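Each of the two complexes below includes chain A, the first together with chain B, the second together with chain C.
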Partner chain A sequence: MSNLLEVRDLKKYYHLGKGVGKEQANVVRAVDGINFAVKKCETLGLVGESGCGKSTAARVILRLLTATAGEILYEGQNIELLSHQQLLPYRRKMQIIFQDQAGSLNPQLTIGSALGEPLRIHRLVIGKKELKAKVEHLLELVGLCSEHMCRYPHELSGGQRQRIALARALALNPQLIVCDEPVSALDVSIQAQIINLLQDLQHKCGLTYIFIAHDLRVVNHISDRIAVMYLGKIVELAGKKALYSGAKHPYTQMLLSSIPRLAPAGQRQRTIFSGELPNPLHPPAGCHFHIRCPHAFVRCTIEEPLMQMIDSDHNVACHLLDK
Partner chain B sequence: MLAEILLELRNLKTKFKTYDGEVKAADGIDLTVHKKEILGIVGESGCGKSATALSIMRLIPSPPGEVHADKMELNGVELQSLTEKQLSKVRGSEVSMIFQEPSSALNPAFTIGEQLIEVLILHQKLDRGAAHRQAIKALNLVQIPAATQRLADYPHQLSGGMRQRVMLAMACACMPSLLIADEPTTALDVTVQAQILELLCQLQSELNIAIMLITHDLSLVAEIAQRVAVMYAGVVVENASVRNLFAKPRHPYTQGLLASLPLLNAERERLNVIPGGVPNMLNLPKGCRFHPRCPHCRQICRQQEPPLFSQNGSEVRCWLFAREMNK
Partner chain C sequence: MGNRYLRRLATLFFSLFVISLLSFALIEFSPGGAMARYVENPNISQADRTRMAERFGLDRPAPLRYFIWLRNTVQGDLGTSFMTGRPVLTEILERLPATLKLMTFSFFISIIVAIPIGIYSATHRHSLFDHLAATGSFLGLSLPSFWFGLLMIYIFAIWLNWLPSGGMITPWFDPSAYPLLIRPFVIFWEHTRYLLMPAIVLSLSNIGSWSRYMRSSMLDVISQNYIQTARANGVPERKVVYKHALRNALTPLVTLMGLDLPGFFAGAVVTEQIFAWPGMGRLFISAAGNRDYQVLMGIIMITAVLVLLGNLLADLMYRFLDPRVNYEG
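Let's look at the complex of A and B:
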């Protein structure tokens, strides 16, 4: 299958001001040279702890933020170079839904007008009748009905609002939807409803997802391939089966072992890793993970590991592989 | 083998008067916490788990809140009859509580040392020097490295996980017999969550405290608790040991919740869904509160609210078990 999206050496740096009492201006390397490709109709999961740069990466890919360096190839076209006008057709193909559904809907617009707005802006419908029919169709697609058209966001529950956000993303018939923690704020039973809906829509509309979450269980459930990020870099990228059963990077192993399982206490052994995400302003030298890594050796403190392919669908950046 | 009862709660009702009517956040809750056990309380948002915890701490403001229970005894002391002065003795030294958002529970204008020492001076009547030494001990207990230096830090200088550890240190500083932890790890990353859970287990075994762990995540309960109470729309619908609950969930809601969790080994192609949403607390369905979402709903479920049926220490509030279990 061909690649829908390819990201090459993407970087996003934030330059912080010098400020009072600071010696030099600081740079936060939120995304520091990531490479991956997303095939058509697949779901790529992006996991990592908060502050690892997963949301920044998503926003840069959609050009909601400008990249510091790197290429974003959408169907072979580098969209990083396009002007605002040239970008418009691509905006239609790439949509995003956010974690905070309440914050991403305008409280002053009814659901009907919120859903109609992208259609009007991109001139996809002619006349009020067609607009109404299209909005009704969208609501139906996400499991709501036409009576929700005249409601306001505050009248809906969190799960319903996330459905509206999804309907709005679908309004322009996109190919790619970036889901930025779409279920993190929802209750378990509602979370399952939204995940199932996302999967149904993927089959029905031929969608490609980049699915961002901190919960490895959810990502693992919905994704075909998973990229694990740590301090702005991808440390492991693999198919979900390979990642679950044969994680090679110590950080992935740590994430997997940290997840609470549905096995009552005493039935399994787990290893608790100490330490927390270091300050991204001053990431450790060499491999960023070495201060928390149980297997770190001298080379890890000096040299940064490069991404290596260990299987057709399994890439890892760790010095342990050469040992 | 049943340990001594630490907290006994019978028919707790917590109501809030609102402009739209009366909301019964907790509507007849029966809970028992034994000494040195970890009890998990699980439920979706709005099911009344936090309201229950705040009622035990007597932290529900009145008005608009109103708390009434037939029995609310901690170590044999009826909490409802205590005066404000007696209460402040119980809070901190008998029961203490930690919250979801450690950054909003700590005062940003004081160092964590000042805040810890204040607790110790107030509750244990220590002098400043002794309180200072005790504060360092408390920080060591929750495994904060370089405790002496950390005392001079302000909350914003610490990470989320460290702040939650400080909260735990404050809560355990006076050796309470019950610690109420209200979603203590929800705001934290998984790796840090695992550390905090481990710490909770250690505190429980080292200090012999009982923990009431309130969470929406069933798997956290599976990790560390001994018993679980599942709550739905203001009532406890199932109450069992962790082993029994996960091996054989009885209530359709518990079954639904368990089946709707994504599993890590990707065995589940599709998640089970509990249809519909949590009912509006102002307008609860008649009969069993879960009946509109229940796959096994029968005539009686629509008309009459089920009592708690019990058998061998497991309790379930569902008509399906009317025959095999005792009222």
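Let's look at the complex of A and C:
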């Protein structure tokens, strides 16, 4: 299968407090040179702690934020350099849904007009009748009915709002949907419904997902491959099975051991998380993770580890591999 | 629904009652009293003053006078002026249109200037314009209106001689002296040139605060995800700002406008004095100087009614502007 999206050495830096002599010190490297590719119809999970740059990466990929450096190749075309007009066809193919379902719908617009807007912008429908039919179809697709059309977002529940957000993302028949923690704000039973809906739609419409989450169970359930991010960098990228059975990076191991499991006391082996995410303004030298890593040695404090391929579908950035 | 409005109405009347009680007490406790201005006058003897006080009913104890005033006011009679002997209501209604004209004009100036400044500052954050607007609005908020008003008179009336220094209209202004074709423009300009300076002075502090508020409200909305979604959908940036963001950013401003209404009346007192504007503000100052307490009470009550009604209107508008506001509860 060919790559639908490829990200090459993508960077997004924020310069804080521009001032005389400050340019050097105050740079936050939210996304610091990430590389990955997404194949058609697959789901790439993107996990990591809060503040590791997952959401920033998502927004840069969709060009909601301008990248500092790097390439975003959509079907081979670098969309990073396109103008607003040139980008319009790609806007149709890439959509995003957010964690905060209340904030992702304009409170002033009824569901009907919110769903109708992308259709009108891209002139995909002619006349009011067709618009209404298409909106009804979209609502049906996400398991809602046409009577929701004249409701306002605040009249719906969280799960229903997330379905609406999904319906709007689907309105333009996209190929790629970036899901930025789409279920984190929902309770567990609704999470399952939305996840199942996402999977159904993937089969029905041939969608590709980039699925961002901090909950590994959810990511495990839906993803084909998983990328683990730490402080703006991808530290491990592997197929789901390879990652869960043989995680190589200590950070991934930590994340995996933190998943709550039902097991008799004493039978569980847990690597306890120590420390917190360091200040992204002053990340530690060498491997960013070494201050929290139980296996860190001298080299980790000096040299930054590079991504190495250890298997056809397993990449890790860690000095332990050479040891 | 109806219950809700009844409750609002009851609150409104209760507020009016408390305002009247407090103002009456304040006036009553202030030194001097209604007859104080005659003390220095050698032509009016102590006996004359006692006689006058009796005629105005001032010899009765204060609580009783308050209740008499309240009874009459409820019936629509605000009493008679100590100075002119004319009914207070007539005096006020003569002056009210001028004040409302000034306030309306100044309100529109504030909106027309503040909102675009706020939008531009928010969409071009940290730009040169944004910094200038920030400085300007703090200046506008902190400049005393009496000083700024006098400065404007000095520049535009005395130095440049572009605008009249005060008043509301030229007494001998005769529109029929002009050809029919340009007559509406002449009339419009005649009114505007007198209005311009006092209205600008009156709007100055509002422009300052409203533009800042508009900026932050706009920034709040722009960071919302539905703005991102609209952009991801390929909605043109102009439409994102004016259709999605602006309407949501404007609603909180409506409340602020309602709350700033008292500021207009308070500002009008000073502004009208500087520009010799024949409105309620000047009546208030002269009534205070003359210890014409009946007129003072009347103006306070009329202002209170207008402010409370304005706030009620702002609340109702909010309900129409924001579908999330639910008044049932």
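Everything below uses one rule, namely that the second predicted complex is superposed on the first by the 311 of 323 C-alpha atoms of A that agree within 3 Å, B and C clash if a C-alpha of one lies under 4 Å from a C-alpha of the other, contacts with A are read in each partner's own complex, and residues count from 1 in each chain.
By definition in this document, a residue touches a chain if its C-beta (ideal position, glycine included) is under 8 Å from a C-beta of that chain, and two chains touch if they have at least 3 such contacts.
The shown structure was predicted, so the numbers you read here are calculated from the model rather than taken from an experiment.
Within the superposed three-chain arrangement, the count of touched residues of chain A is higher for B, of the candidates chain B and chain C. In the superposition on chain A, A:108 makes contact with chain C only, not with chain B.
After overlaying the two complexes on the shared chain, residue contacts for A:91 are found with chain C alone; chain B is out of touch. Touch criterion met: A:165 reaches chain C, while chain B stays clear of it.
Judged by the touch definition given at the top, the superposed model places A:258 against chain B, while chain C stays out of reach.
In the superposition on chain A, A:68 makes contact with neither chain B nor chain C. With both structures placed on the common chain, the touch criterion links A:152 to chain C but leaves chain B unconnected. Note: no residue of chain A belongs to the chain B contact set and to the chain C contact set alike, using the contact criterion stated above. Those residues of chain A that touch chain C in the shared complex are 59, 62, 64, 84, 87-88, 91-92, 94-96, 98, 100, 103-108, 117-118, 121-122, 152, 154, 165, 168, 171-172. Residues 44-45, 159, 161-162, 189-195, 197-198, 216-220, 222-226, 242-243, 246, 256-258, 260-266, 268, 270-274, 277-278 of chain B touch chain A in their complex.
By the touch rule above, chain A contacts chain B in their complex via residues 49-50, 157, 159-160, 187-193, 195-196, 199, 214-218, 220-222, 240-241, 244, 254-265, 270, 272-274, 276-277.
Considering their complex, residues 224-226, 228-237, 244, 247-248, 322-324 of chain C touch chain A.
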